[in-house]
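Labels A, B, C, D and E are assigned to the chains in the order they are written; within every chain, residues are numbered from 1.
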Amino acid sequence: MSNLNAKIEATSTNINPLLRACGLTCIREERVLFEALNFTIAAGDIVQIEGPNGAGKTSLLRILAGLSQPYDGNIYFQETPLAQQREAFHQELLYLGHLPGVKDEMTAQENLEFNLALHGLHTGSAEKTLSEVNLLGFEDAFASHLSAGQHRRISLARLWQSQAKIWILDEPFTAIDKLGVKKLEALFLQHADNGGCVVLTTHQDLSLPAERVKKVTLAYRFS
Amino acid sequence: MNPRRKKRLTIVASIIIGLGVVAGLVLYALSQNIDLFYKPSEIYNGKEDSGLKAIDGQRLRIGGLVVPGSVHRDSDSLKVSFKLTDMRMPISFSDTDPTVTVSYDGILPDLFREGQGIVANGILVNGNMIEASEVLAKHDENYMPKELADDVGEKHVKPSYSQAQLESTN
Amino acid sequence: MMWKWLHPYANPKTSYHFAGKILPWCTRLAVIFLTIGVTWALLFAPADYQQGDTFRIFYLHVPAAMLSMGIYLGMAIAALSSLVWQLKLADASAAAMAPIGAAFTFIALVTGAAWGKPMWGTWWIWDARLTSELILLFLYLGVIALHNAFEDKSLAGKAAGILALVGVINLPIIKYSVEWWNTLHQGATVSKLGQPSMSADMFWPFLVCFIGFACFVTALICLRFRTEVLNRNSMRPWVRELVANEGKTHAV
Amino acid sequence: MTQLSYRAAFALIVKRDLMIAFRHRDDIVNPLLFFIIVVTLFPLGVGPESTTLSRIAPGIIWVAALLATLLSLDRLFKSDYADGSLEQMLLSPHPVFILVLAKIVAHWLLTGLPLILIAPLLAVLLHLHESSYGALMLTLLLGTPVLSLLGAIGVALTVGIKKGGVLLSLLVLPLYIPVLIFATSAIDTAAMNLPYSGQLAIIAAIFFASLTLAPFAVSAALKVSTN
Amino acid sequence: MQFDSISAFLAMGGYGFYVWLSYGVSILVLALLVLSSLSNHKKTKQHIAQRQKREIKLRQAAELQKAQASADTRL
């Protein structure tokens, strides 16, 4: 297995693989972002994807979530290709991208409730969950009156309710204050300990114990 | 049957049902007279399939063969009238065929001639007269050289107009 | 997989060179057939007993109309295989076909109008066949526009492929519109096997013209296909090598 | 984990889209106003002669409906694409075509239905032949869902393109032509007191064909656009 | 040969305008298609060659920078 273009700590020695990337190649607008990438993500892993701007971090996350098709290669979820079991995979997936997916015309609580319902979760405790992300008192405020950080909090609130095993998070800490970051990190650790996995990109240093965080480092390529 | 299979079956079944309905509707539509097209005999007897008769003042399309010897052209204007009879293969005419009279004021297409198939758009008046707003020559898919046509006995003279006739429109 | 024998041709490099090999032969054949065919059609074919010399438009109009639909069908099949089996080269060939098909549709429409004016008495009528051929032109233009709208060529190919497939419904309408609805347009002449409704000295020049146009289209598809393959693989080593080598020979 | 049934997922999306639209009323009202204004332009442009108007009335109403729908199509996926909710819907554990169908139904309820309700009023202004009203309503009832369904394919293809507006009309209008032809032909035929079931059957056929196939085309197109 | 003279050939039995219009437009369209296809092919190759040159320059600049950086640390 050659990974000429990326340094990878997540390896295939784990017993319980959730996601496996096999020969991933991504080409965007005639530029090769990464080529023949192989790695495995198992239950209990927290994987941080690193790299300079334009190295293809977001592209890699989107491919892992099944939103983008790789130019070449395959993703396996529990040893079966993604394409063959889209719905079962989405059952076990929570993906948060750059955009929070919050509608301005709905209140904070309605936004959260819709997001939960869409993914088949109970909406009863939405109000309590909002207090977890420091939005107590903003339940009935229209999202158009809330700040960017608060939008992100609404979308992150789903994490507290989620029963999905695989969390894929693109820059979850953007516009989140220090206390919020601490809380999220604790949640990630708890999720990993409960047999889930977290894949994330961030430019901040995680304050999690170093042995718990595996790193995939993408390099910027000239072509 | 597991739920995944069941769902897939529902999808496939609904697609098949949908396309079946589409096919049925199309077949039904094709049996209807969508473009108001009539043959001369149908002006008298009603449509062959539905028995529907055209009424005076109705816009319609009529298609048929120009009856030989029936073309009357006004000598100093573009007005022309002619009789149409049902198109039939091979081409033949008999006096007992039902005919309708088409009157038209305009330049006829070059393909227009006696015995030729034409299509006219117009309005029905007096039960069997058509005031055409447009006369179009329909060409069949048979092509042959002049010499061969002469042998078979077909010939074609395209309509010609005098200067006076052409100027009468202005 | 039953498609295994296709595998070498699914390689962009092989198919690029394969298209390069066909290209000159098709060009030669097209030049030969079209020269003979057009000369024959214009000078030697007899005039029709009814339509006189306008009949010579037939030799352009019918091949163009047939090819406009044939190319669309080819494009739709390529689009389908690119979407279902993820064949990247099918994508490139669909992209190569669209402008050619649009050109032939345009020719079919213009020659048809120029033929209809003296014979039917009108440049254009809004009947089923003419209208659906016009929609075919619009569909081609839409497909081309989608190809140009996306930066990423493989995404562009997929998007245009979906549109092409949606438009396929138009093909049977064009084909059967003459029989379904009573229109001015004549029925099929050439495809009536067994009893050709055309005399032999009119049919042969048509056949030569048609083969000429078909070779011409194949050659053009090869040429444009090569361009598309280069575009989609511009970061591959073989393309870099190829371009660098050609640059050298040009410099010398 | 509770798994939503197809019906519940469908209802969830329809409810959400309706709620958003009612809180943002411009989106419903503007296409409708556009429809009314375009129709009223014709008597002013062509002249108020009632025989001319009644002859071209079916065409005017249908062309205006086409353009009004085209104008409203942007709402279908654009804002969801812009704020990331489309992404979340594609990642939900439901088949995409269910979600797509729900969004199209919501779109029709918000644009097609108001058009149908206002059309008889405008038909009066245009002196439409009395016997054509039934045909007008029936063609609109069968035809406007087709406009939403086929339009959704166009929007889904162009949602990721920055200047997709003109391109959208280039893609969608040719697909609308058959509906326009048969709808106006049905209304014309009805004006002559002739049966128009043939034209209606064709529009119904187009409706069922697009209802069965468009959701799949749209979901494929969305997957390409959000790539 | 169906025509007696060049003028008869050009007249096409009175239909010259329509026949020559058809042939003229067809030849024009096809010629444009061929020319645009050829120029597209050429442009694509030029584009690729240009980008290659740019990449080589970029890489050289990066190496130069690296060399300088290591030289700086040695000092």
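Just so we're on the same page, contacts are C-beta pairs under 8 Å (C-beta built on N, C-alpha and C of every residue); 3 or more make two chains touch, one makes a residue touch a chain.
Fair warning: this is a prediction, and the values are worked out from it, not measured in the lab.
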Chains in simultaneous contact with chain A and chain E: C
Label of the chain whose CA centroid is most distant from the centroid of chain E: B
Euclidean distance of C-alpha centroids - chain A vs chain B, Å: 67
Centroid distance [mean C-alpha coordinates] between chain E and chain C, Å: 20
Distance between the centres, which are taken as Cα means, of chain C and chain B, whole angstrom: 32
CA centroid of chain A to CA centroid of chain D, Å: 37
Touching two or more other chains - residues of chain B: 30, 34-35
Residues within chain C bordering two or more other chains: 46-47, 52, 118, 152, 234
Numbers and ranges of chain D residues touching at least 2 other chains: 95, 209, 213, 227
Residues of chain B touching chain C in the complex: 30, 34-35, 37, 61, 63, 107-113, 116, 119, 134-150, 154-156, 158
Chain D-touching residues of chain B, taken from the complex the two chains share: 7, 11, 14-15, 18-19, 21-22, 25-26, 28-36, 50, 52, 55, 58-59
Parts of chain C lying in touch with chain D, wherever the complex brings them together: 83, 131, 135, 138-139, 141-142, 145-146, 149-150, 152, 155, 158-159, 162-163, 165-167, 169
Chain C to chain B touching residues, read off their complex: 46-52, 55, 58, 118-122, 125, 180-182, 184, 186-189, 192, 197-199, 201-202
Sites on chain E touched by chain C in the complex: 1-3, 9, 12-15, 18-19, 21-23, 25-26, 29-30, 32-34, 36-38, 40-41, 44-45, 47-49, 51-52
